[in-house]
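Order of writing sets the chain letters: A, B and C. Residues in each chain are counted from 1.
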Amino acid sequence: MHIPDGYLSPATCAVAGAVMVPVIGVACAKTKEVVKDRHAPLLALGAAYSFLVMMFNVPIPGGTTAHAVGAVLIAVLLGPWAAVVCVSVALVIQALFFGDGGVLALGANTFNMALVMPFVGYGVYLLLTRNTSLTSRRRAIAAGLGGYVGLNVAALCAATELGLQPVLFHSANGTPLYAPYHLSTTIPAMALAHLTVAGFSEFVLTAGIVAYLQRANLPLLRINHSGIVDTDAELAPQSGRPALRWALIGIATMIVLSPLGLLAPGGAYGEDSPTDLNLHKYGLHAIPSGLQHYNGFWKHTLLGDYGFSSGRHANIGYVLSAIVGALAVGAVIFFFVGGVRLAMRRRPEAQADAA
Amino acid sequence: MRSGSESLLIGEGLSYAYLERFPALEKVSLEVSRGERLALLGANGCGKSTLLKILAGLIFPDHGSYRAFGEEVSAERLEDEQFSAAFRTRVGFVFQNTDAQVFSPTVREEIAFGPLQLGLAPAEIEGRVAEVTQMLEIGDLIERAPYQLSAGQKKRVAIASVLVMSPELLLFDEPTAGLDPRSRGWLLELIDELGRAGKTIVFATHELAELEWIADRCLVLSEDHRPLAEGAPAELLADRELLLRANLIHEHAHRHGAVLHSHPHERGHHGRAG
Amino acid sequence: MTDGASTPGWLLAGAEDAPPLLCSGKRRRGGAIEKTVGGLARLIREALVSEEIAARRGLLQRLDARVKLIGMLGLLIATGLVRHIPVLLGLYALTLVLAAASRIGLGWFAKRVWFFIPLFSGVIVAPAMFSFITPGEVVLPLGHWFGHEVGLTRQGLTSAALIVCRVASSISLVLLLTLTTSWSRLLASLRTLFVPRLLVLVLGMAYRYLFVLLDSVTEMVTARRARTVAAKRSRRGERAIASFSGGALFGKAHALSEEVHQAMLARGFSGELRMSEWPRIRAIDVISVLTCLALAILVVGGDRALGL
């Protein structure tokens, strides 16, 4: 999701930068309030940590690996404002030093991954963890789901930024000047890659680390969870269940509906030419998300390797990729809904035990 | 306690617990006179580092009082700008973990950090940095980044960054841990030299071989974080029973002349040895 | 005390029970962990190479970091605004000239730029050359699809070439800055661009501790690998390892941050950071900045003169 320089027009970069400058200023001030004068080393180590999380390769089914962003993880551990600073700093170091993501595109990249992602993900996490103890199993799953949703919303933002380029910036004869793909292709492409592979790795890493800290190092979780009791037994019985169920249903609906986004834009923008409706797009457009070039994971993914250069051959590939993609999305939804249901089922048991 | 000389540090009944749950120090009292070299002796986890951090005004005891340079030291008083600047100028702390202490992008910035925070003039800072790097023989490292330094070089940088502020009181937390024999010898000589120059030195260690060289007096802490004994190094080192109790020596350790050391014994010998 | 804690017999036994030390011909596939370690090693290598180049005596190395930063940003924006391929190629040629003048091996420089990212960009933009992505004048027909002519379009080809050239020039410009400037100087120069001091401090420390944490990760992974006996490793197992290491690493990072804070306090840090003054701007620095900015304006102006 690291957009390099050259894909976004300077105007887009300027707008995103103008948004991010005050946001980072506020984030610095907010973290200063929370952690007082020790904010500098905490943020620095958080940023270094976030950088390294982006280097962690998480194995995914199919023999390949993907890496997570970790923004929601930092938000859960240190608070969302700290996550804004940490992930931004990590992105600056990557852009300046390791050529990962552009320098002018920093505004857009930080907007997607350092602002949208931690706040959306943290919001989901908060919704799902109301009236739970610090060691509750639901907390780890909620953090993972927060990561999953956060990453996907961030990917949607990136897709929108990229997809607007050919609409807004093209020459007189219709030549796109920057990223050439329309929203009708960028959104499904990013959605497909992030709803499956990248989203899964984000879920695994975020939930896994929170679960590990619940078992091995509870004081670290307390940094950003003051006033939350340690075990379910200490929970005061509350009638907050309906609200929680409502939130869970909301998330589940979101997950179920998100693949519809795959189809909707194709139809909406399909009037240009009938071929636009063809599912081949989704295969092709898995590629822009590959701006995360470290892993090169799509070299191996089911979708990246078919020969889109030959017109006739490609058709079979397109159809195949669409089927595989749909199956993969279905499997992921099944997995998450199952996980959420499992978490919900465990809750009453735990409360019964406590009572 | 020390006849005639003025007490620089007075700690009374110092207790500290981490996260208000895990005790690290239990009712420890100590007095350090000006120009003295005091060793804090104890096994791993006995509270030496905690005590040093209290002396440096980095953490504050849950119980007990601490006075330094004739003034009470507390969290509240250290929030006062003038008091804080005056106290920090007088107290230098060399951490055991040099990675934590050397946090700047380059050696030069690292050494200049302290003087800058204390508001020294740029020309003065430049002069001091040049002199202290020359003294510690790290002049050629000045533009390097910390990750390009060896453990011994990093230790020198850490010490330079403390000495550049010319503190009266120097606190060393396990100064020679993890250093090769050459760096270790160099550091012990430096500490000895600083002591001669009139600096007051408190250091934590469990290296008994170094004690007689660089300490005038030792305070032994037990594994339950309490004071166990106090006295001159030679006296304490002769007290085998005490050293065993503090878990500072293995039962196979013994002395050759002035040097205490241990070597592995074959299995099955302990019946006789103990 | 040693008498009580006797060593278990199996620890003293020889290696008779261990499997024979022979090759079975089965190879282990490089898993996620190996890839992670590989990526981490690459980071350190690149950092070291950059510092080495920054220490050479070349044209850009002689300029003030602030000058390079402002100049680079100016040219980067110009690269973003340019709309003609020949102009972009000219800009790219300029970066090659600057690289040569700064004693950066041209082959190495070009390889680094072209191999890593634009090649990827090339793959990404390839589909855009076709009529179904970028409609327009078909210059190389490939067949028919539902009655429409399908093939490479002039617009598509131009767009793909534009992107590849622009990405290559942009990356070259950023590389020129970072390769010829030591990190600490670059960091200090950020302050002159109104980046708050706190953020500069955090950036510097983050970079510094990146390497410390990197060591920890490498150690953890190596220790883990040394203990990996089973030939077959499950993905679930690797995932668990990733979470353990991730969790343990956060613990380390947090403990370190506490200690760093104390180290800063001990040396008089009081919440208000003071930083050293930056050396004076020389005439040559002013001239260089103005040259860069004039060049950027000239490039964009010339590009516009060629038409939109």
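Simple rule for what comes next: a residue touches a chain if its C-beta (ideal position, glycine included) is under 8 Å from a C-beta of that chain, and two chains touch if they have at least 3 such contacts.
These numbers were taken from a predicted model, which means no experiment stands behind them.
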Of the chains shown, whose Cα mean is nearest the mean of all protein Cα atoms?
-> C
Could you work out which chain's C-alpha centre is the most distant one from the centre of chain C?
-> B
When B-C is set beside A-C, which has more C-beta pairs in contact?
-> A-C
Please compute the C-alpha centroid of chain A, do the same for chain B, then give the distance between them in whole Å.
-> 47
Please work out the Cα centroid separation of chain B and chain C, and write it as a whole number of Å.
-> 40
CA centre of chain A versus CA centre of chain C: separation in Å?
-> 21
Residues of chain C touching 2+ other chains?
-> 47, 183, 204-205, 207-209, 212, 256, 260, 264, 269-270, 273
Chain A: positions in contact with at least two other chains = 41
Identify all positions of chain B at which a residue touches two or more other chains, and write them in rising order.
-> 103
Any idea which chain B residues touch chain C in the complex?
-> 53, 56, 58-59, 81, 84-85, 88-89, 91-93, 95, 97, 99-101, 103-106, 109, 112-114, 116-119, 122, 125, 143, 145-148, 161-162, 165, 251, 267, 270-271, 274
Please give the residue numbers of chain A that touch chain C in the complex, ascending.
-> 4-7, 9-10, 13, 24-25, 28, 32, 36-49, 51-53, 55-61, 63, 65, 73, 77, 85, 89-90, 92-93, 95-99, 102-104, 166, 171-181, 185, 204-205, 207-209, 211-213, 216-217, 220, 223, 272-276, 278, 284-285, 287-288, 290-291, 293-295, 308-309, 311-312
Chain B touches which residues of chain C in the complex?
-> 1-3, 7, 47-48, 51, 182-184, 187, 204-205, 207-209, 211-212, 256, 259-260, 262-270, 273-277
Chain C contacts chain A in the complex at 29, 31-33, 35-36, 39-40, 43, 46-47, 50, 72-73, 76-77, 79-81, 83, 116-117, 120-121, 123-128, 132-137, 142-143, 145-146, 148, 150, 154-156, 158-160, 162-163, 166-167, 169-171, 174-175, 177-178, 183, 186, 196, 198-199, 201-210, 212-214, 217, 235, 238-240, 242-251, 253-254, 256-258, 260-261, 264, 269-271, 273, 308
